[in-house]
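Two complexes are shown next, each including chain A; its partner changes from chain B in the first to chain C in the second.
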Partner chain A sequence: MTAPDRKVAGYGAILLFGVVGPFLFPNYTFQLAVLWIMILFALTWDIMGGQMGYNSLGNIFFFGAGMYICAVVQIGLYYDVAEYTAHFGAVKIELTEDQYFTGLTLGLIAAAVGSTLFAVLFGWTVFGLRGPYFAIGTLGVAIAAGELVGTWDYLGGGGGITVPIYPGEPDERALLFYFLCFLFAIFTFVFLKWLYRGRFALAINAIRDDEEKAEGMGLHTLRYKTAAWAVAAFFLGLSGGLFGNMIGFIEPLEVAFPTVTFGIFMVVMALLGGKGTLWGPILGAVVFHLIKETTWTYMLGWQWVALGTLIIVNIVFFQQGILGWAQEKWPERFGLVVEEASEDGADDGARREAA
Partner chain B sequence: MTALIEVSDVSKAFGGVIANQEISLDVPEGRITGLIGPNGSGKTTLFNSIVGFHPIDSGSILFEGQEISKLRVQQIARLGLLRTFQQTRIYSNMNCVDNMLISLSHRNESFGDMFATYPPEVADRAESLLEFVGLYSKRRLISGDLSFGQQKLLEFAMALMNEPKVLLLDEPTAGINPTLINGLIDRLKRANQELGVTLFVIEHNMPVIMGLAEHIYCLANGQLLAQGPPEEIQNDQRVIDAYLGGHIQTGDS
Partner chain C sequence: MSNLSLLAQAPVLNIQLLLDGLFIGAIFVLAAYGLALVWGVMNVKNLAQGDFVIMGGYIAYVLSIDLPVWIGIPEGFLWLPISEITFFQFIKPAIHPIFGLPVAIVLMFGFGWWIYRVIVSRVVDRDMFTSLLATFGLAIVLQQLLNLLFGPEVRVAESGFDTRFLFEGLVTVADIKLISFILTVILAGIVVVFMKYSRMGQAIRATAQDRRAARVMGIDTDRVYAFTFALNAAICGAAGVLISMIWVIQPYFGLAHSIRAFVIVTAAGLGNLPGVIAAGLGLGATEQFGGFVFGAEYQQALVVGMLILVLVIRQLQQRRHRQAVI
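Right, the complex of A and B next:
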């Protein structure tokens, strides 16, 4: 098989697994859906953390923001949100199929757009921070958002919101949300592959390597940084809106703004797989999710210890991640050049036409 | 002959240390101008002031007749006024070609250009400039793996990729193998003559700057000590004293 053939075969296998997975393993449909969300998390975190060198600990904010925006739109289209939340789930909204899907579609669009706007807005303030200050600043945004929503009665406060109920069979519902997760993760990957093909990738890599130099060369650094965060926020908002509907009930601390679980997982997955690469975060997400689910099943009670150990091993011995390690070991397989091109052995730096 | 950069009465202090005191100088268009002075005399501070790296305390800096002392680094760079660093700065995890591509001028970059790819002629120009500085065979290497001298050449090529009107070079020959210095001098001259880039050069290597610059300014203790053509500067007693250190002479007497 030639290289392009292998590529097509690889993509085909992943897509095929994505489509038949929930039919082969019907008991794991929810876990597979979460896997796609995890891949989306790792991919979006890596835009900033890996490619641009800005380690955000607060990206989960956009996930939660999208979740709440989506729920409010879904409810608000057919009911008074304040009255609905005041009854803490005692009011059930009966929606027809048309109404439900209209609400879900508009809700998801609003979630994506709203989160993107938040990213642009916060970008103006937090991009003044560098290094660890940026990490802590963004973490602060996410924690503050959770606390704020927890006291906001219109959004149900700490009691949360029950999202409108899917008007159909539970199995059908599980498959619908599975395929939406699958679709969004693929959408994220395709978009990032397109985004990373040219100027954008070089610009954010330059910011990672030396932002002061990039400024000195006239690069529109703020513009690129804001755009990078906005892209991450768009897909996180989308996934948040979807995840809220998948769970069926949203509340601020555990579901919408879980900084110590999902918020940290997205960082760990990208680091585990190899930050700053397109496939590293995907690989990291798959490995992490498998380990996490295995330890949850077979090492109950010790699962956090196992995850902690994984993180420590990763940070201390494997900083470059799985893919980064592979790139160092077999650079030529990844198209990297470590020896100078010496078609004719000369080293005066002059260009020679390849014979 | 018009002045591309006009510095008038620029002062800059860091706390109690006066790094630049009422310095006035002109960088004429199309020429190579030199800036010399002992360590700590305020040369790099003046460069930083011109490119907007820090605000100045007083005075004015005109670039093509436009006041730039209130502009930010990126805005000044996009006007076509660029600098290289004394401690060479490149994008060390990217290969040489990528370093060159991202250094393309951002002067007329629109919002949509962020998502564009590079047309083949840009890639071609990047490779030609790498060839110009003698790094063509290393173009696919990660730039951080290059030697210091090669990184310096890459930084120079990146600056040329940006097509600046004027380039401020902070000690271009420092740390470069003596046998390569002549090649670099030759390239600086060619950039000036063939590409029309005005150069303003800080340099400690006296034979180099005397052979390169047409007009030289000398700073000492944050003040402008002397100026003139190389042969005049070379024989100026104040300049000789400043470089050899006045305190040695007083110690002798």
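Right, the complex of A and C next:
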């Protein structure tokens, strides 16, 4: 097989698994859907953390924002949101199929657009911060959002909101949300693959390598940084709106703005796979999700301790990630076999030399 | 917001809030000083700072309760099956939590040393995000372990002291708050004197100024780092003991304490002890007034809001020094 053939075969296998997966393992449909969301998380974190060198700990903010925006749009189209949340789920929303899907579509669009707007808005505040200050500042934004939403009665406060119920069979619902997750993850991947080909990727890589010099060369760094964050926010908002509907219940601290779970998972997944590459975050997400589910099953009660330990071990001993390690071990493989990886590999090597 | 007019009508309430803010703020200063120490000397930003504080608090809590302890002794020792282990139970008597102070200092010093050897020594030379993330992972492990050990309930180490009434009973000051304030001042004094006059303190300061030069002068900088981190853990442990007596502890409250320490150090700047003291007391008072005016449910949001505010102000100050494209 020649290289392009192998590439086509690889993509085909992944797509095939994505389509057939829920039918092969019907009991794991939800887990597989979460896997695609995780891949989306890792990919979007890597735009900033890997490609641009801005390590955010608060990207989860856009996930939660999208979730709430989507829910409010879905409910607000047909009901009074304040009145609905005041009853804490005691009032059930009865929607026809048409109403439900119109609400879901509009809600997801609003979630993505709203999160993007938030990114532009907060970009002004946080992008003056560098290095660890940026990480802590973004972490602060995410924690503050969770706490504030928890006291906001219009959004149901700490009690949360129940999203409209899907008007159909549960199996059908699970499949619908699975395929939406799958679609969004693929959409993210394709968009980023396209994005990393062009000038934009060169610009944000320049910011990562030396921001002052990039600015000196005439790059409008603030604009690029905001754009990169907006792209991440767009997809995170989309996934947030979807995830809220998949879970069926939204709550500020554990579901919408889980800073110490999903918020840190996305960082760890990208680092585990190898940051600054296109495939690294995907690989990391798959491995991490497998480990996570295994510890959940076999180490119940200790799962968080196990995951925290995994984070420490990953950061301390294995920061280059799986792909980074492979590139060091077999550089010629990444130079010869796959074209994209050779680009990534070359630029990764350059970065390591610079550092 | 209606509470705001209450403050104007009854000025004596301001005194109450201010006093409470100072008592709690003094303890924030301790933890923040530890953070500034580690940050300044080894350039590690410790996000597990608050969890060290909470650990110290649980040490005092464990001392202050009657704790049943089981000891299993296998009959005839090791070659018998496990079912024949007999368990003896004895009850560890309650000790006043103030004695937790030396215990926590010693235990946390050892713990800090161990954490430095196992984790921090491996990230100390790398970029700052690495240390931040590694200590964040440590914070998650610690809070989960505490949760497994003690459960998610909010705890207080009861000191059993009296409460004083000032201004005809309008202002209450618990004796334990006064004692803890005095202890805080003494502890801070000891640390400052130690840093100034002891050999190790001088070595720490020398290493902070120039690590290479310090090594050339024969200072074992690795040992200095280990000592600094252990000292920080001990300071946090002491702060935790005091917090558990005058406030509350809970496994997940650590992150808020970490953020408080960051707010204080960022606002004051490194190596600025008067600034740290002012910022810590100010944060304590702000939290008390904010909690009173907006309601207690906003307290966490207030702390994080202060962080963002401080970062934005710092950024505006820095803008003059940087020719950024606006």
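Going forward, the second predicted complex is superposed on the first by the 335 of 355 C-alpha atoms of A that agree within 3 Å, B and C clash if a C-alpha of one lies under 4 Å from a C-alpha of the other, contacts with A are read in each partner's own complex, and residues count from 1 in each chain.
Going forward, a contact is a pair of C-beta atoms (placed from the backbone, for glycine too) under 8 Å apart; a residue touches a chain by one contact, two chains touch by 3 or more.
Computed from a predicted model, the values in this text were never measured in an experiment.
Judged by the touch definition given at the top, the superposed model places A:L57 against chain C, while chain B stays out of reach.
Once the two complexes are laid over each other on the shared chain, residue contacts for A:T125 go to chain C alone; chain B is not touched.
In the superposition on chain A, contact is made by A:E147 with chain C only, not with chain B. Within the superposed three-chain model, A:L176 lies out of touch with both chain B and chain C [touch as defined at top]. Of the two partner chains placed by superposition, only chain B is touched by A:M217; chain C is not.
In the overlay built on the shared chain, the residue A:V286 is in contact with neither chain B nor chain C.
By the touch criterion defined above, A:G308 reaches chain C but does not reach chain B.
In the superposed model, A:L202 lies in contact with chain B only, and not with chain C.
Put simply, chain A uses residues 215, 220-221 to touch chain B in one complex and chain C in the other. Within the complex formed with chain C, the residues of chain A that make contact are 55, 57, 125-126, 128-129, 131-133, 135-137, 140-141, 143-144, 147-148, 150-151, 215, 220-222, 260, 264, 267, 271, 301-302, 304-305, 307-309, 311-312, 315-317, 319, 355. Put simply, chain B touches chain A in their complex at residues 51, 53, 73-74, 77-78, 82-83, 85, 89-95, 98, 101-103, 105-107, 109, 111, 113-118, 127-128, 130-131, 133-142, 145, 158, 162.
Against chain A, the residues of chain C that register as touching in their complex are 45, 119, 122-123, 126-130, 132-134, 136-138, 140-141, 144-145, 148, 255, 259, 262, 266, 295, 297-298, 300-301, 304-305, 307-308, 311-312, 314-315, 318-319, 324-326.
For chain A in complex with chain B, the residues that touch the partner chain are 195, 197-200, 202-203, 205-206, 208-210, 212-221, 223-224, 227, 336-338, 340-342, 346-351.
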